[in-house]
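Both complexes shown next keep subunit A, but they swap its partner, so subunit B is in the first and subunit C is in the second.
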Partner chain A sequence: MIQINNLSFGYRKKNLLFQNLNLSLSRGHIYGLLGKNGAGKSTLLKNMIGLAYPTAGTCTIDGADASKRWPQVLQNLYFLPEEIYVPALTTTQYVSRTACFYPRFSEQEFYQFLAEFEVPREAVLDKLSFGQQKKMMIAFGLATNTDLLVMDEPTNGLDIPSKVQFRKIIASALTEERCVIISTHQVRDLESLIDTLVVVHNREIVVNQELDQISEKLLFTTVPSAQDHQVLYAEESLRGVNVILPNPEGVYSKVDMELFFNAIISGNPVILQLLNSNHLQNAI
Partner chain B sequence: MQFNLTRFWRLFMKHTAEHYKYYLMATAVLIGFVALIMGFVMYAMSGPFSLQGQSVMFSLVMIIAGTIFTSTVFADLGDKKKAIATLTLPASHLEKYLVGWVYSFLIFQVVYSACFYLVLYSVLPLDDWGTQEPEYLPLFSGDYDKLVFLMLFLFLHAVSFWGSIFFAKWHFIKTAFLFFVIAGVLMFLNKLFMEQLLGVELENASPFSNLGIMEGEQYYKVLYPEEKEGWLAIVPLGLGLLLWATAYFRLKEKDI
Partner chain C sequence: MEFKNNEAIYLQIAAYVSDHILLGKWPPDDKIPSVRELAVELQVNPNTVMRTYEYLQNQEVIYNKRGIGFFVAPDAVKKVKKHRRERFLQQDLPEFFRNIFLLEIPLEELQERYEHFKTENFTSK
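Then we have the complex of A and B:
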């Protein structure tokens, strides 16, 4: 659905944030976009949806150049930024003035999501708390039923019950036709939701793999001591040592996203080599 | 360039719903401002408020209020949160552009004229007219000065309109500053160029205007033919159209 080819981008020409970046994102997935602060997660999202112009290369949505911002493309994508703007309208007024731009908007679904998030229907939006505003916008975005849903740090500002509700609602809203991209630095919030990981590091996409593929190649476990194992990455914890090991036997383990992310940004080349070499073997 | 009338209308209605409170307050401020200025002028002048005085005031306040208001029409694009909401809304750039243009150019002129005449008809009879009937400035007249003023307003609107899209904050101040700097530089360079071209020292040589030459004690003027003076109105019109087009492309290329 989203195709990025040789994309280079920088707010200054001499200081590029991305260089010759390639990425392909498909329907039917919930992508988790991870990266350190300042790695360019939000900027990458903006390039994807046409809010920032690449210095070189292209970014297309279903074959259409994202930077053109054609209405036909925009009506099939919804972007929820980290910091949102809501006008001084009631929820009902907002829906009546904005939903008409999205041909597949479902008012019934919207009010259902709103009820699940416990956001009052008749409240004036700019008088709501930030968390309530965000929940309203998430509900609106989901109810647009656009094929592409892009969210930048959606759980920021949500309380714990709302985060649980968010995971439930997003999981229920995923269809074969839909591509959901979530940028976050709070991986624990979305661990059970994301099915594919995209990691931005050092101006490159270093990982773009489904969690199942990662767990086929790597074993995530906790051991009493790291010395007896061929450890790729380890972190001390109260229960022992959390480690990433090679997984030649294909033993199933749940991907510890935080551990995996820390391993990637620690500059460990072996993990990346393992992921990529296996990837090539699979491709052959 | 895409344009869909239904979508434009929806966008217009959305814009109105989200901004009508601000526009109503701005209208009230405009009425108050016109009343204050008109009251002060009438109080300060010894005779009744003449037609010429009314005309000058109508033009001057329209230019000031119009450029200030126009500078705010795309101010949302300078705020990252609002800009994202505006730019990702499924409507074309042309439709978004036209909503701002209709409000700041067409609707402003109608509302401004209504406010001015409301104050004029309320305040003017209070002036000291003696035995004569109060004289009101006619709104519609085909005289040349009015045409020139409308062209000038169009040009200044286009400058402010471009500034409201181009700058992220302090739209009016930055646009006005840039306008005066460019105007000053242009006037200076034009004088230098014309002096080189004609080989004489010029008293004044503003772009697209008459020349004033001082030779010894004699002052000469090189005038544009009087019967063709109307053509000069094309200059602000042409520049205005150019700036409107530039503003459109700036909106199209706006990024966050």
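Then we have the complex of A and C:
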């Protein structure tokens, strides 16, 4: 659905945030976009949906150039930025003014999501707390029923019960037609929902792989000490040392996304070599 | 649902579904929750539940009526027990044998404890 070819982008010409970046994302998946602060996650999302223009290269959505912002493309995508702006309107007024841009918007779903999030229907949006505003925008975004749903740090500001509701709503939202992209630092909020990890690091996409494939290649476990020469990455913890090992026998272990991310940005080239050992197959 | 770290989530969900079948909560030929319903309930990716259902379908524990949904197979209980039995004999029993061997626990003592366990836990109240 999304195809990024040789993207270079920088807010200043001399200081490129991405260089020759390539990425391809398909329908039917929930992608988790990870990257350090300042790595360019939000900027990548903006390039993807036409809010920022590539310095070189292209970003397309179903073959259409995102930066052209064709109405047919925009009505089939919803972007939830990290910092949201809400006008001084009630939810009903907001819906009557905004929903018309999304042909498949479902009012019934919207009010159902709002009820699940416990956001009052008749509240004036800019008087709501940040968390309530965010939930209202999430409910709106999901009710647009666009095929492309891009969310930048959606769980920031949500309280604990709302995170559970958020997971349930996302689980119900994924269809074979839909492509959901979520950038996050709170990987635990979205565990068992994200099926594919995308990691942006050092101006490139260093990982774009399904969690199932990652767990086939790498073993995540806890050992008493990290003296084994096979250890690819290790972090001390109370229970021992959390390690990542090669996984030649394909033993299952749950991918510890935080450990994995730290391992990737630590720059051990062996991990990436193992992950990309059948790169062509994964690129499809 | 809390998931363990050492078994694929789709298999843990398969065990969850099988438990419901063994306990009679989902009787034979009854419709089970749709992929979406179960994914929402467990807060997991629907693709994972789809994989669970495909796996259980291969094991003939559930069957698919096109366009309607998934149903419990007539002999699902038998099938689940058979798979669990195989798994127990292959995976859990060797570990158990190893322990009783290392700890030198005689079979007579096990027999005694087993009888006691049965009366404690499984006699009708």
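The definition used in the following text is that the second predicted complex is superposed on the first by the 275 of 284 C-alpha atoms of A that agree within 3 Å, B and C clash if a C-alpha of one lies under 4 Å from a C-alpha of the other, contacts with A are read in each partner's own complex, and residues count from 1 in each chain.
The rule is simple: contacts are C-beta pairs under 8 Å (C-beta built on N, C-alpha and C of every residue); 3 or more make two chains touch, one makes a residue touch a chain.
It should be emphasised that the depicted structure is a prediction, and the values quoted were computed from it without experimental measurement.
Peer 1: With subunit A superposed, do subunit B and subunit C clash or fit?
Peer 2: Here subunit B and subunit C can both sit on subunit A without a clash.
Peer 1: So which one touches more of the residues on subunit A, subunit B or subunit C?
Peer 2: The partner making contact with more of subunit A's residues is B.
Peer 1: Report, please, how wide the angle is at the C-alpha centre of subunit A between subunit B and subunit C, in steps of 10 degrees.
Peer 2: Value: 150 degrees, nearest 10.
Peer 1: I'd like to know which partner A:71 touches here: subunit B for first, subunit C for second, both or neither.
Peer 2: Touch partner of A:71: subunit B, not subunit C.
Peer 1: Is A:57 touching anything from subunit B or subunit C once the two structures are fitted on A? First, second, both or neither.
Peer 2: neither
Peer 1: If you stack the two complexes on chain A, which partner ends up touching A:79: first (subunit B), second (subunit C), both, or neither?
Peer 2: first
Peer 1: Is A:46 touching the first partner subunit B, the second partner subunit C, both, or neither of them?
Peer 2: first
Peer 1: When the two structures are overlaid on chain A, which partner does A:157 contact: first (subunit B), second (subunit C), both, or neither?
Peer 2: After superposition on chain A, A:157 lies in contact with neither partner.
Peer 1: Between subunit B (first) and subunit C (second), which does A:246 come into contact with in this model arrangement: first, second, both, or neither?
Peer 2: neither
Peer 1: Please give the least Cα distance, whole angstrom, that subunit B and subunit C reach in the superposed model.
Peer 2: 27
Peer 1: Please identify the positions on subunit A that touch both subunit B and subunit C, taking each partner from its own complex.
Peer 2: Dual-contact residues (subunit A): none.
Peer 1: Which part of subunit B faces subunit A closely enough to touch in the complex?
Peer 2: 2, 4, 7, 10, 13-14, 17-18, 21, 79-82, 84-85, 87-93, 95, 253, 255-256
Peer 1: Sort out for me which residues of subunit A touch subunit B in the complex.
Peer 2: Residues 46, 49-53, 69-71, 74-75, 77-79, 81, 83-85, 87-89, 93, 97-98, 100-102.
Peer 1: Could you please specify the touching residues of subunit C with respect to subunit A in the complex?
Peer 2: By the definition above, subunit C touches subunit A via 3, 5-9, 36, 39-48.
Peer 1: Could you please specify the touching residues of subunit A with respect to subunit C in the complex?
Peer 2: Against subunit C, subunit A makes touches at 28-30, 164, 167-168, 171-172, 174-175, 192-195, 212, 215, 220, 252-254.
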